[in-house]
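Letters A, B, C, D and E mark the chains as written, and numbering starts fresh at 1 in each.
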Amino acid sequence: MSCGCNDHIDPLIPQIAVVKSIRSDTNDVSTFRVEKPEGGKCFDFKPGQCAMVSVPPIGEAIFSITSSPTETEFMEFSIKRCGKVTEFLHNLEVDTEIGVRGPYGNNFPVNEELIGKDLLFIAGGIGLAPLRSVINYVMDNRKDYGKVDIVYGARTSGDLVHRNEIFANWPAGMNTNVHLTVDREEEGWEGNVGFVPNYVKDLKFDTNKVALVCGPPIMIKYVLLGLEELGFKKDQVYTTLELKMKCGIGKCGRCNIGDKYVCKDGPVFRCDEIQQLPDEY
Amino acid sequence: MARIGVFVCWCGSNIAATVDVKEVAKEAAKMSGVVLSTDYQYMCSEIGQNLLRNAIKKEKLDRVVVAACSPRMHEVTFRKAAELAGLNPYLVEIANIREHCSWVHKNKDEATEKAIALVRAAVAKVTLNQELIPGEIGIEKRALVIGGGIAGIQTALDIADAGYMVDVIEKTPSIGGKMAQIDKTFPTLDCSACILTPKMVDASMHPNINLHTYSEVEKVSGYVGNFEVTINKKARSVIIEKCSGCGVCIEKCPSRKTKSEFEEGLVNRKAIYTPFPQAVPNVPVIDREACIKFKTGKCGICKKVCTAEAIDFEQEDTKIIQKYGAIVVSTGYDLIDLAKFGEYAYGEDPDVITSLEFERITNAAGPTAGKLLRPSNNEKPEKVVFIQCVGSRDKTCRGKTYCSKICCMYTAKHAMLIKEKYPDIEVHVFYIDVRTPGKNFDEFQRRAVEEYGVNYIKGMVGKVFPDGDKLRVYGVDALSGDTIEIDADLVVLAAATKAKEDAEELGRKLSISTDTNNFFTEAHPKLRPVETHSAGIYLAGACQGPKDIPETVAQASAAASKAIILLSKSKLINNPCVAKVDETICCGCLECTNICPYEAIASTIIEYRDHGKMIKKLVSEVNEALCQGCGGCTVTCRPGAIDLKGFSNKQILAEVDALCF
Amino acid sequence: MKKITEEKLPELYSHISQNHDLFVPIDQDDSVNFSLWKDGANVNFDVLKTNTSPKKYIFPQCETFFNFKSEGKKLTIERIKSEEKPYVVFGVRPCDAKSFRLLDNVFLSEPMDRLYEEKRNRGIIVSMGCNEPEDTCFCNSFSILPNSIQEGVDVFTLKLGNKIFWEAISENGVELTNKLSDLLDDVTEGDLKEIEIAKSQVNEKVKELPFSNIDPNEINRDLNELFQSKIWDEISKSCIGCGSCTFVCPTCHCYDIQDYDGNKSGERYRCWDSCMYSEFTLMAHGNPRTTQKERFRQRFMHKLVYYPNNFDEYACVGCGRCVGKCPVNMNITKVIRKLGGENQ
Amino acid sequence: MLLESKENLTIDKEEFKPLIVAFCCNWCSYAGADLAGTSRLNYPANIRIIKVPCSCRVNPNFVLRAFQNGADGVVIAGCHPGDCHYSTGNYFARRRLTLFTSLLNYIGIESERLKVDWISAAEANKFATVMNDVLEKVHKLGPNRKLRDVRWKR
Amino acid sequence: MEEMISKMKKIAYEDLSTKKVDRVIGFGKGDFIYEANPIFISNLEEVDLLVWDLFCVNNLSKYLINELKNYQKIGIFLKGCDSLGFNQLVKDNKVDPDNVIVYGVPCEGMIDPNKLSKKNLLKDLRYLRRVDEKLIIVTKQGEKELIAKDYEYDKCLKCKHPNPVVYSELLESNTLRNSILTDDFEEVDRIEDMNSEERYEYWSEQFSKCIRCYACRNICPVCSCDKCIFDNLDIGVSGKAKVDSEDQFFHIVRAYHVAGRCVDCGECSRVCPESIAIDKLNRKIIKDITEIYGEYDAGLNPSKSSVLVNYKLEDFDPFETSKGGK
């Protein structure tokens, strides 16, 4: 896929962008809203795609874009504090300039296979980030899709991100159900308690839908098993993979799984495709 | 980003006259992370400190740089001020723009430029500073005293009186040490036993004191406040709890061939014995090397005669493991071996004796019941020669280079004791110098000369030559140059004192150092004379260097008070600028453990999961209570796994980078 | 086709270097490597393989591609514009010439790598055929003949005795040849015959080489089967995880991107990296290739399976540098054999 | 093409102001420098002091970094052997630095550029003398280009 | 040679079949006559692959680190220089000697194929063997007798320990190498004799050849950190850029990190694809240590601490300019 905006620029050189706001979602996750210095979105992208965020002299890291392509004025990234770049980002002050380049990778087939289907989104923790882009895209084009179920869980209720959407916006959406769960009992939590994979099984979804799964590797693994138990076929399930990436354009040689490069051929894979890949992720 | 506040002090004109402080503050404002930069006449004043505190609160500063005088001056001041404003004190750095800048440079431009550089370095460093919280360690409220001589007894009594439990370890069967062997003490000439034995009894009766006689330190681990000591209680073969101290066993024991250690070998003792009648505890011990029962299996008379059934041939060495908060070492001294001093005929002629042997001979409780008799023929001597500095102040390898300190005084004492009992005996003393600094000491020695007519000869004895039943003493009078020849009946050698043979070994167990003469090294010769380099271990008495009784007792009380100070704290706060190990990087070579002066680094095995497999890994581990923060280990660590908090690799590199701006 | 005698070569060099940076194999300190030609340089065409491959001219070990400066909240990025001269690499063996094409596949496919493209376009490749293949050569296994004119070369040369035959291939090659016309002579019939003989001789020699029976096409290319093969455990054992094979390899192209903070301004550079290195794929939360086995497998799977799957060619040209350089004598020929890539 | 082929730094020797980075141990040499200040002694302003707890804290990496980033000379000063606050730190430092200075010299760094000395808290005069001396020698040698990282902008 | 090979096979077979060891690390034949490879044997059938010839140059000791993660008891063939490396690995707690059976192999010096190649002797080489100080080679052109020393690896010419310093079993009585020279550090002297400009130029040129492949480090038995600082950018001391200062930094720090620990096996220089004189750095430090602190003994005794984690009060002090007072 190509969005046509990078044809004449060196894909390794980021464009300058401004962090317009930083919203703290949890202890270690914040959502960064990014615009061009003169205002407006840095580039067009599709739901599920990634961008490289650059903070010289610390370095670069790739993140999935968490805002919907339908947002015309900005992009958002939900970023968990876990390394040098993310640490730096978390300490950033609003209005600081950073670099962004992208978009990279493929996307969830929102205008292809997903059209008209019932959708089941399953996310854990920060894994909601890439799915949020799709969900909001779906919400903005609600009539194009069938029923929407969103299963989202985190370790504790404090680790749930995008609270406004999961508690208010999405449940209010047409024909949309949000199912929340936390790993352990906690005071004041009235939703489900238990791990996401179990919750998915408990919810006994019918298989006449497409599932989009994103979360920690171990969660994905068990969710996929759970979906299989429910009768989902592998080609009904999409997920994303994450590996170390540097260039974002499938050349630097470190994000490959077999002959596929996650940054270029991924990050979105249909599960039957994943099955073809060697077990090295 | 950090929110750093920079405060530039004028120090009146001390800084401001040579450094353009406004310019420094202006430049500092441009530095990365600096959100506030200001200057003030006297930062250390109350107003200055208030300025700092208010700025921290108002500007939400999370780090502070004060450009002022040396951190050795006011670092503590500013850190405290920051702490009052709710900032961790270790988030404050000082740029030394007075001692290192305004006072040593004259050109204002250059000095200003340098001050800016120093501030830049401090800003770079403080950016990487992390909150440090001093660790707290609990303290075992119990002290250990190693050595039960007068030093140990006094220490134990003082600590016990302060309300803490004390264990005393004594190698021999009884406490008392050298002082128990001595007859009279200078300069008062009061009876040694009369002042010592009550203290021995006090020690044994004190509810807070536990005596472990006939015991030795086997192993010491742990650190200040939390030492763990393994004590080896040697098999006494007599059950202390049952023994009534009647002494019948000793009386009946047929083995009588062992020289009495207490009597300096002048007489023999039995195989079952108490070192001396006033021994504490007054419980005999069986010398298994001398005992016929142990050697041949036959005998057992002692067991038969003991009505208290206290004899136990099967007794074994027992180990006691005990935790202590503080340790006082008071192992005392010995006299050097005189084998190398052949010219004095010691060992060759029984009438050449050491000063300590003389103490026994002159002691009313000694082998001669206090009568001065020649060991060779039990007759009263007519001429006695004292030779001082035998092995002391000796630059040859035979003796010790140092002055043994006590000999001048005890020789004068010995001379006086003779003269008092036997005014007719001629007493000559050969000396190099007479050294009598001490309260009433010089007067005491002068009395020997002036009142008692002791003949002091400045000069050394070349040879003592046994001639018939006489001892021909050849010497030189250094003042007149004349050779002197005396036909003596008894020659007393003031043998040099030396450290205990096993001092070095004990030092190793305790991780305290010994000097070239094997005396334990104090932490500072002037300011910390009773402490060692190992926190929580103190020194008392002659194990640290030659000392007389009053000095020993004084040092014992000093050591006790140091121990009490330590034990009285509820917690120990340690310097948080200590080394820390990143276990994920540590390669387990343990080179760092080799260089730590405090043995603060040990190894440990950690377990972690590596693709489903539990992996065990050897890594270093820093004991923050022991670490003093020198940082030597960090350089030894090739992968950079061990770093020093407060002076981390990254911080210092950042300072270097900033200075190279 | 033209020719020039060996004696006149320095003249040719100085002529070329008037307008170009000229890189030739230079013998320095007992090792021959491509270096910038300067007057008096000890050019050596007799050593078949330069120590490292000439890929460094199109894909340098380290290149800075922009400078950055951040002041307060402001970030400026200044792309580095190449101000360097066009260059000529003279003496590129067919195997190395082929490797350029293999790198092109990667870097010039969308999204195109502009840094690479710029360097590629700036250069003229003067290839040189081989007469005396070495024991470690196995170009034949990848259907590269020692005297073949590889796609993308601008000039092909062949050195026979003291004669160097010169044949312009591309437009750029013709242009360069024209500029050098004063120095080049025409070839004779006899010369052409000589060339023919030399070519057929070397093709025969190649068949006799120790590795001539290596044939990667014999490998079963089932990706997952190969991936899971037990052989990897065995053959990766001796690998010490250094990057010498990678860095001397003409086709390896993994790289890293790093920032250097240069005080008042910084720069972003990219530099060679090696999939053999333990931290190559290390992330904050783990490493998909934890042991040397996985890393070793990656390198050879890439050369023999992944790359061919994507580009229909092997990512090895049989230059044999790794054979000579591996500290423990483990190399791709052994791997291919173990995987069954051998003609009986 | 490669980074190293960038032009070498040209520094006008006339205006040469050497930069000397000095690592001083907290207990002796840093205090010695303080005393030099209190005694109003004089030494050149180009000397910039970094406080370290002990001379044994000075990692060769620090020295190399200083040279990389433009220091013309480096001084490491600690307590006199035997006087170390940490008993033995400077004995280790002495061995390390003996080998390290020799190694740097072997690589071609003039030995005058890396000065190690023992300066006690009382030796303010020595501190000033050593610093003056180092500066003079480094000045004579001229700017240091060896080990320099050409990317570091001063 | 043949005799040695049969001894090797015998002991490997015995120990594997009696389960005394479950893995044997030795040498196997490579693709060329002048090539021997490390091999790893667990099956009795593979014992026959063991060889011993003039090209068994690799120091196998470092493989123990990884192999011991998967095997309980390992038998390993070690030459003199390898055994020094082994001791150093023991000292660095990388290898538990209780789990290793060292088969000591006295070594007469290994032959450097590059030296043969330079004399055009490598091509068509059919056979070669060593008879004392002579090297007999057979090529297409027939038999030739050469002086072995001329073709040994440089590192072997300076070998001080041709015989293993530690072993469980010695496979042959110690060899006495006539070629053992008193180590005069002549090559170090030559650099020391240059002036500082020349020295810097020499080393800059050497270091600039570096391609940062880290073969020198990875082959080194004393570079056994789990995470080398050069693999750990987060530590902030070095980067990956190919610039002179980084190359210099790498080489200086590498040399410094092995100071007092380097066993002078010369593997670093052997494996360098760019033939950088790495061991001349190591050997400078060894020379200094020998001159200043006495006999250099890294690798001889794993329980003795190395020079840099040791000190003596009376150590040579090159820095003392004037005596200070307390």
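Going forward, a contact is a pair of C-beta atoms (placed from the backbone, for glycine too) under 8 Å apart; a residue touches a chain by one contact, two chains touch by 3 or more.
These numbers were taken from a predicted model, which means no experiment stands behind them.
**Q** State which chains count as neighbours of chain A and simultaneously of chain C.
**A** B
**Q** Going only between touching chains, how few steps reach chain D from chain B?
**A** Each step joins two touching chains, and the minimum needed here is 1.
**Q** Quick check: more C-beta contact pairs in C-E or B-E?
**A** C-E
**Q** Farthest chain from chain A, going by mean C-alpha coordinates, please.
**A** Farthest from chain A by mean C-alpha position: B.
**Q** If every chain is reduced to the average of its C-alpha atoms, which one ends up farthest from chain C?
**A** For chain C, the chain whose C-alpha mean is farthest off is B.
**Q** Distance between chain A and chain D based on Cα centroids, please, to the nearest Å.
**A** Distance between chain centres: 52 Å.
**Q** Compute the distance, rounded to whole Å, between the mean C-alpha positions of chain C and chain D.
**A** 45
**Q** How big is the gap, in whole Å, between where the Cα atoms of chain D centre and where those of chain E centre?
**A** Computed from C-alpha means, the inter-chain centre distance equals 35 Å.
**Q** Which parts of chain B, given as residue numbers and ranges, touch two or more other chains?
**A** Correct list: 595, 636, 649, 653, 657, 660-661.
**Q** Which chain A residues sit where two or more other chains touch them?
**A** Chain A, residues with two or more chain partners: 93.
**Q** Which positions in chain E are in touch with at least two other chains?
**A** Correct list: 232, 237, 241-243, 308-310.
**Q** Going by the touch rule stated at the top, which chains touch which?
**A** Once each pair is checked, the touching ones are A-B, A-C, B-C, B-D, B-E, C-D, C-E, D-E.
**Q** Under the stated contact criterion, what part of chain C meets chain B in this complex?
**A** So the residues of chain C touching chain B come out as 263-264, 290.
**Q** Would you pull the chain B residues touching chain A in the complex into a rising list?
**A** Interface residues on chain B, with respect to chain A: 1-2.
**Q** Using the touch definition from the top, list the residues of chain A that touch chain C in their complex.
**A** 2, 6, 9-14, 16, 56-60, 82-83, 93, 95-99, 243-244, 246-247, 249, 251-256, 258-259, 276, 278-281
**Q** Over in the complex, which chain C residues touch chain E? Could you list them?
**A** 29-31, 51-52, 60-62, 134-135, 210-211, 234, 237-238, 240-244, 246-248, 256, 258, 260, 269, 271-274, 277-279, 292, 325, 327-330, 333-334
**Q** Could you please specify the touching residues of chain B with respect to chain C in the complex?
**A** Where chain B meets chain C, its residues are 610-611, 657, 660-661.
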